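What follows is chain A paired twice: with chain B in the first complex and chain C in the second.
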Partner chain A sequence: MTILTIALKYLRGRLVASTLTAVSIALGVSLVIASVILARGIKEGFISGATDYNLVVGAKGSPMQLVLNVVFRMDLATPNIEYTIYRDLQQDQRVGVAVPMALGDAYHGFRYVATNGAYFATSPWRRKTFWLAAGRLFPDDPPNAPTYEAVLGAEAAAGTGLRIGDRFYEGEEMADYPLTVVGILRSTGSADDRAIFFSLSSFWGMNEVARKMVVKPLTAVLIRPKRMSDLPSLHREHNVAPETQAVLPSGVLLTIFNMMAVAEDVLTMILAIVGVIVLLYVFVSMYSATLERRREIATMRALGARRATVLAIVLVESCTLAAVGGVGGILGGHVAAYLAASLLATRSGLVTSPFLFGALQPAVLASVILLGTFAGLLPAVLAYRTEVAENLTPLS
Partner chain B sequence: MIGIFRVCLIATLFVAFVPTGLLAGSYEIPRLTFAQLVDSIRADSEVTQTIKSYSGKEVAIHGFIIPAGPPDLSFFMLSRVSALGNYCCEVPVGQDETVYVFAEKEVKITYDPLRIFRIVGVFEAGMRADPTIGPSLFRVRNARVEEASGAKIFKVGEMPAAASRP
Partner chain C sequence: MSPRSAVALRDVRKSFPLGDGRSLEVLDVDHLALPAGSCTVLRGRSGSGKTTLLNLIAGVALPSAGTIRVDDTDVFALSEARRDRFRAEHVGYVFQTFNLLSAFSALENVMLAMVFADAVPKRLQRRSAAELLARLGLAERLAHKPQQLSRGEQQRVAIARALANGPPLILADEPCASLDVRTAGEVLATFLAVCREEEKTLLLVSHDEAALAAANQVFEMTELNRAEADRSTA
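So, the complex of A and B:
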């Protein structure tokens, strides 16, 4: 019999205790893997979902609320700005592209986003490209003749079950102005997948307050300057103006990342404590198992087994437990990350990848095996030092 | 015996101090200031030969980060003036006040719009149009970014010793 087969036999001999030890290791590892993957995934989700536009101009208020609402469709919409601000920006020599946005209301939780055709236009500087899966885009209709045509993001279409030609509305007051689905977009891997797009005229037409307003309202204007070096002056100009604020979307996201870094530090401490608890559990498990079978070890020694062999058996046992727990933990961690990512996407629209493979998984597995073996070192030394004469005395 | 001890002592001192001496006299990264950059711009959007002579060389520039590009800071702008200061200083207008920075790898800093950062990378001077970022006059590629607490921002007329070398 080899050392490995003896070790496995010992583990099978106390199956419940061995299984519980492996499960506790797996739970600890799952927690580490899921936490790290989710933290990274959220950051990656924010980066990949970030807008290609360099500046967002909206009403005075929280910059974070403005960016989260306009770009990621989270949080509430900021107060309105006047449509004239968009017109002025369009005529500004420094502005290359200006896209008006009006947000508010939702259908089955999928946010309404009113804009114009420029939002879907492709450009060399845009990473995001919109492709239609079916139908067509809505036209840039004039304010006095809204078409009430809507284009659904991929997830919005799947979630609502709406098809081309379907008419829908939410809330009694909207019953007179139902929207008609004319197009469905392919997935972009961003918050746009969960949006319902239509024209600004339709938005103003279906909202009673906006209908009565002479100067129509907007939530924000997305801006791409002709020259990046004009960005600071555009930013400053709209920040010192009494009715608007200008926000660099990446600046807001970097602030969010800074806050996440603090949370990650706290999480790292918690995970380290979890790691120590799991190690202690492995140690206690192996130690008590070694104490229980001192008589067996003494018998093995009496039959000719060397001290080194006894030491190796206990080390292989703890190493095997750590390896099984580690592999189970990595798999479990990915499952937990997948479930959490799905929940996050449903509730907040943030698209994260739960299957980020890299150096993390092998590094965690190697560390778990190493530390698990280390936890079995003292019990192994105890087994190594087992005296034959002392432990083979008659039990009576 | 004493002779061997002396030889060992001299050898130890040689090993310990000679590399330090060599490093002290080694290449020092020149620092460029916004004052120098502004001063170098000609009426036809060209730049002086003095500034052009830094092209292709590694330089250090201190300034405020304007996250104009993606949030991973693979591209951003460096400015003399903070993007968030609404009361201080004149608004930077035009190419002269900003340097376009392309990071070497993922930038791992705690972003603070009110903090001065030091970037070190390969300098490029001269007008160039890029389909993704548009026209730019000063660029730094393969940049490394680090915090530069307490760094002095030089004004027009002032020259740091390293950068004023011909």
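So, the complex of A and C:
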């Protein structure tokens, strides 16, 4: 038998109280881990999901709404712009690449994204690469001959259960325009995983209003200038135009991060309060446990245990509770982060990683063990100072 | 040549502060010697200082004055840590209310005493504790927690724990006072027999006739303790 086994015996001896204390620590740690992972994940999700394009041209309105809608498939849809704007941009000497996009309804919660082959093209300046897991991409069909062929993002394919060759539509009014799955993409770690892609002509063909329009509608145009020095002039021109606005996605990201920083500050305060409450709970638990067994501590001392030995037993108990709670909390925090990330992906389309491993986990565990041991310090000193002769007999 | 004293007290006083600047003297013993291997019984009314005397000899309470030697060692000349170690190795203490640790089995309660003394090699502790308990008739009760044992069995575990490190001196504070007459008789007989076999020096607080019959010397606290005598005549 060692000090550790004696401490473990005592913890098992008051199993309910020990379990509740460890669970309260685990809940506090879970909250910290899940919050930090999610906050980091959301940031990284925004960064990795951000477009490789430098400018988004869309209808006048909120710049953030435009970027959230077009790039992250979040927020409400923005008004449309005319297809001619895309044609003009294509012919603009300053524009290197222009990609038209039209966002519409959804199938089983997975957004319809109409675009052309340029969206999937590989370029040296692009971080994102689209790989086909199965099938092929849809053709850039002419407006009067839509093929109604669709390519599914990885999560959209998994979520809908659609396979190559399957035909699908959402709502009876769309039964005349079923889409056929011709390709499934590999995961990109972005909102594109939850999208259903097809051609612009298919999009216009499916939409009753668009069918009748002479000048077809678009949601936005993604732009990569030939030279970065042309970006300010393109940005300015499309902002002063009466119908359009041009938004720098990086600027919107910065705004989002600034807003998140305020939320993070509030979250940090809440987590600190949770930490103090958990610390107090551990202290009260250990203190009452030590008070309850003063006679047993006196008996141990009468059997020859040194003051330092009983001090160490109490400290090892609180340290063990903190370690068990800490490990449980880290595991629980990842489970909570996973569930929250899944919910976030379903509700907002933002793809976050709930399993970010690094210095966080060992740092949190070390801090929890240190704080848990600290919470047990006063009860340990109480045990250390227990007077043997005064506590050997029960109070009558 | 007189037999060697296992315990020798000289001019030992113990008083407790009353909080108003005065103090209450509860023990004043000029001289007390327990020959090695003897059985000494202490008798006296409640509050006459019997437990205080045992606590002082065990080194768990500090005397206000005087010297206490156990096995020729001045107990209170030792540092507290060394006194703890000395107690673990040289003194076995049996309490009236057993004082078994509730989270531990009978076997572990006995092993605990060995852990604190570190006198028995670790690899032998379990076997040694099991043998002791078997000798006291508890071979089938090793894994039982105190609350799963009868009071008589609990006191046997407490006796085994006191003997765990093979201490030459055993202090027992009314070990059978909380047992029924029949169980008390059985437990006391076993206890005295084990102490006799192992030639322990036994200081026993008891009013039991069997204990008195087995004693080499019997002290009345009113005779031994001047503070108690003063109170009795006051």
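The rule is short, and it goes like this: the second predicted complex is superposed on the first by the 391 of 396 C-alpha atoms of A that agree within 3 Å, B and C clash if a C-alpha of one lies under 4 Å from a C-alpha of the other, contacts with A are read in each partner's own complex, and residues count from 1 in each chain.
Just so it is clear, a contact is a pair of C-beta atoms (placed from the backbone, for glycine too) under 8 Å apart; a residue touches a chain by one contact, two chains touch by 3 or more.
What you see is a predicted model, and the numbers here were worked out from it, not measured in a lab.
J.: Just from the overlay, do chain B and chain C fit on chain A, or is there a clash?
T.: Aligned on chain A, chain B and chain C fit with no clash.
J.: Considering only touches as defined above, state whether A:Gly358 meets chain B (first), chain C (second), both or neither.
T.: The answer is neither, since A:Gly358 touches no partner chain.
J.: Now for A:Leu392: first (chain B), second (chain C), both, or neither, which partner does it touch?
T.: In the superposition, A:Leu392 touches chain C alone.
J.: Regarding the shared-chain residue A:Ala50, is it in contact with chain B (first), chain C (second), both, or neither?
T.: Only chain B is touched by A:Ala50; chain C is not.
J.: Let me test your reading of the model: by the given contact rule, A:His235 touches which partner, first (chain B), second (chain C), both or neither?
T.: A:His235: touches chain B, not chain C.
J.: Give one of first, second, both or neither to describe whether A:Arg301 is in contact with chain B, with chain C, with both, or with none.
T.: After superposition on chain A, A:Arg301 lies in contact with chain C alone.
J.: Is A:Gly161 in contact with chain B, with chain C, with both, or with neither (first, second, both, neither)?
T.: neither
J.: Now for A:Trp125: first (chain B), second (chain C), both, or neither, which partner does it touch?
T.: In the superposition, A:Trp125 touches chain B alone.
J.: Report, in whole Å, the shortest distance between any C-alpha atom of chain B and any C-alpha atom of chain C after the two complexes are superposed.
T.: Chain B and chain C, overlaid via chain A, are at closest 44 Å apart by C-alpha.
J.: Which parts of chain A are in contact with chain B and also with chain C?
T.: none
J.: Which of the residues in chain A end up touching chain C in this complex?
T.: Residue list for chain A touching chain C: 1-2, 6, 9-10, 12-14, 295-296, 298-309, 388-389, 392-394.
J.: Considering only the defined contacts, which chain B positions touch chain A in the complex?
T.: Contact set of chain B toward chain A: 66-73, 76-77, 79, 81, 83-84, 86, 91-95, 97-98, 100, 110-111, 113, 131-137.
J.: Chain B touches which residues of chain A in the complex?
T.: 46-47, 50, 54, 96, 124-125, 225-233, 235-237, 239-240, 248-251, 253-255, 257-258, 261
J.: Under the touch definition given earlier, write down the residues of chain C that touch chain A in their complex.
T.: Against chain A, the touching part of chain C is residues 51-52, 55, 58, 60-61, 80-81, 84-85, 87-89, 93, 95-97, 99, 101-104, 108, 111-113, 115-117, 125, 161, 165.
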